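Since the structure comes first, as structure tokens, the remarks are kept for the end.
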């Protein structure tokens, strides 16, 4: 561990490599986290199946790649398919847990996560998979820092997707209805907003965002049926750090998490990467508690 | 007469909104003190500051010659400074007797007391107090099934069960059937005289507070506007203006 | 106590004692059933009675398992060498050594789990509702990952536990009775506990924690105690389960967050949380359903179990006993109407006004 730390100090370029990797992967975490913040803020559902939606999107990409179709083309397909899947989830499960005891939504989505990860395991097997996009790798600083082109493209795509979603929320009729419902569902209902449809659309939109993020994850990283829970935890960390309805906060939190993960994986060893994510979650929650305790309040 | 609660120059802001500005007041032992003021004048905020719900920005709060400004809610409550809420706070899924039993004083409770059953005297006290507030016949009902007024009475009885030195009551008559208000005033006075509990009461109903309190403080816009006996307050032009909305 | 209730207890205890003799092939399964009952009961202390829904109670199960493993091994062999040899490091335990080691291990597991609960409680009791659930889930997941990277206790490769000095029949019966006694003890202890001030206090925290604080209740103390009690029993049963299985590793055996960890929640909910018998009922039913899906849904059993949890939570949240209490409240001692004529003078006057 100490060897690795001193290595970081001796070879400053390594820091750049880790930071760059972290930022590029963090941009994708931001997508799923934004989706979580959306359903959390609008319908007060804490979706623990968030990561499994991401993994589902990833498997859509790998399936395309298996058939020889470029994984980029999986992006629209994943968005459409996952939108439909999210709608289905809403109608069958989520609709019945809105407005109930908050733990119910957590547990119901955790159950859903179990079903999804096991189903994916049965369909695709438990091997680690990736969707090869077949792009070049760029070298900087005489080959000491390497970045695959896919990662840049994924970053750009993530940015474009996020911009589309934000524009949609600001401009479209549905986007306005969603924001109105988030502020006061009863008032929105009185004014003629079909909140049930708004909720369904919000959840489906979240699931589509996750699916798109999953395609990008599969392209630049690896997926596996059981990785879903870690992605869910990542989304929670970011949202807890940023708070609801705080887009810059989500982006910043995601980039921070991505780099923190890369550095800790390097310093402590790759087998501790998941441990690092979960430990960051616990630390963030402890930090929030200390912050609230100063105002004699609790984190709820 | 001894001063029980001494609020000295307390200020509290939320963001940019000044809820309490430089408020000083005293609650003397054994008396009933009133706190009035128009909506939004900072009465409940002051209560929250006294019992430790909000950390205050400046000033100090002294209870029985002891600085309690930085104490937590629980510690202050165990010292014998208790409050009731404007919206009732009761344990909805427990019956009235259980609600009362769990309200026994926790001042001297040790670790082993956590695992003891209640003594006979506790049960007898519960019956007495439930009868005192007129809920004896409903003692086995779930507290959540009671009406709003009954829940308020239960909350009052729970506070008495706790045996406080001073009780801060936040609008005790709000939401109570008008025909029951006289009975409630009577009970508040009896709690003060027979049980020796000092009361500090927020009240909107002028008839009630004039009838009840010996000394009244009036807040407006987060500042202390006037104080005096009920008679003085009733005839104070500033108080009348504040209530009628003039500035 | 009513005679019918006493009869029920007697029947259950006799069934528990004779079960491994009547169904010798299912001894392990029935032992797991008792363990499930213990899981559901201990989860319900926090989740049902106190309103703190933990998703990470399984942490104490795994912690107890590892504590006892280390205690059992460390008495007679260097732990690091033993674990790195993956079972090749043969230690000959005498009978007496094995049993004292096991006994000490179980006790150490219980006490160690209490320590963990007190320390972790300080870290998570400022969290409410969903934050508490996710925070505790994080603790359990973190423990699994950290143990998996800690070579001294075998890392991801796990530890082979000391070998039981006796035949397989004796072995399975021996561990069965320990689990059985633990489960019965847990039930008896909780049955008593809920009649004391402690029971009322944790119910009060569930119903309205800010009121409990405003009344001066030592909420932190009660919360820590509640978690410690759950941890104590979970730690001990973890120690026993580790020895019963004979091989422990962090992800699947010690900290199985997505199986046992979520089962304990689902079982309590199924039976009716916040009641004494609900978790017992739920655990029994759930275990039977689980075993049936294992037999009839080869391959898809995990999907089916997840679906059962979802259906349970979404459509049948109050659970069996909760539903029964809504239906026949008077059978459970809940009064919905004030009894006329019982009111004393003051109350009656008031009501008449």
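By written order: A, B and C. Residues from 1 in each chain.
The rule is simple: a residue touches a chain if its C-beta (ideal position, glycine included) is under 8 Å from a C-beta of that chain, and two chains touch if they have at least 3 such contacts.
Note that the coordinates shown come from a computational prediction; the quantities given were computed from them, not determined experimentally.
Engineer: Is the chain-to-chain touch network here best called a line, a ring, a star, complete, or other?
Structural biologist: Chain contacts: complete, every pair touches.
Engineer: Relative to the centroid of every protein C-alpha atom displayed, which chain's own C-alpha centroid is closest?
Structural biologist: The most central chain, going by mean C-alpha position, is C.
Engineer: Nearest whole angstrom, what separates the Cα centre of subunit A from the Cα centre of subunit B?
Structural biologist: 48
Engineer: Go ahead and note the Å separation of the Cα centroids belonging to subunit B and subunit C.
Structural biologist: That pair's centroid distance is 42 Å.
Engineer: Centre to centre, by mean C-alpha position, how many angstrom separate subunit A and subunit C?
Structural biologist: Chain centroid spacing, subunit A to subunit C, equals 33 Å.
Engineer: In subunit A, what residues contact two or more other chains?
Structural biologist: None at all.
Engineer: Where in subunit B do residues touch two or more other chains at once?
Structural biologist: In subunit B, residues 73 touch at least two other chains, as defined above.
Engineer: Considering the complex alone, what residue numbers of subunit C touch subunit A?
Structural biologist: The touching residues are 53, 55, 123-124, 126-131, 133-135, 138-139, 141-142, 145-146, 148-149, 156, 258, 262, 265-266, 269, 299-300, 302-303, 305-307, 309-310, 313-315, 317.
Engineer: Help me check something: in the complex, which residues belonging to subunit C touch subunit B?
Structural biologist: 193, 195-198, 200-201, 203-204, 206-208, 210-219, 221-222, 225, 334-336, 338-339, 342-344, 346-351, 353
Engineer: Where on subunit A is subunit C touching in the complex?
Structural biologist: Those in contact with subunit C are residues 46, 48, 93, 96-97, 100-104, 106-108, 110-115, 117-119, 121-122, 229, 233, 236, 240, 268-269, 271-272, 274-275, 278-279, 281-282, 285-286, 288-289, 292-293, 298-300.
Engineer: Mind pulling up the subunit B residues that touch subunit C in the complex?
Structural biologist: 51, 73-75, 77-78, 82-83, 85, 89-95, 98, 101-103, 105-107, 109, 111, 113-118, 131-132, 134-138, 140-142, 145, 158-159, 162, 179-180, 183
Engineer: Name, in rising order, each residue of subunit B that touches subunit A in their complex.
Structural biologist: So the residues of subunit B touching subunit A come out as 52-55, 72-73.
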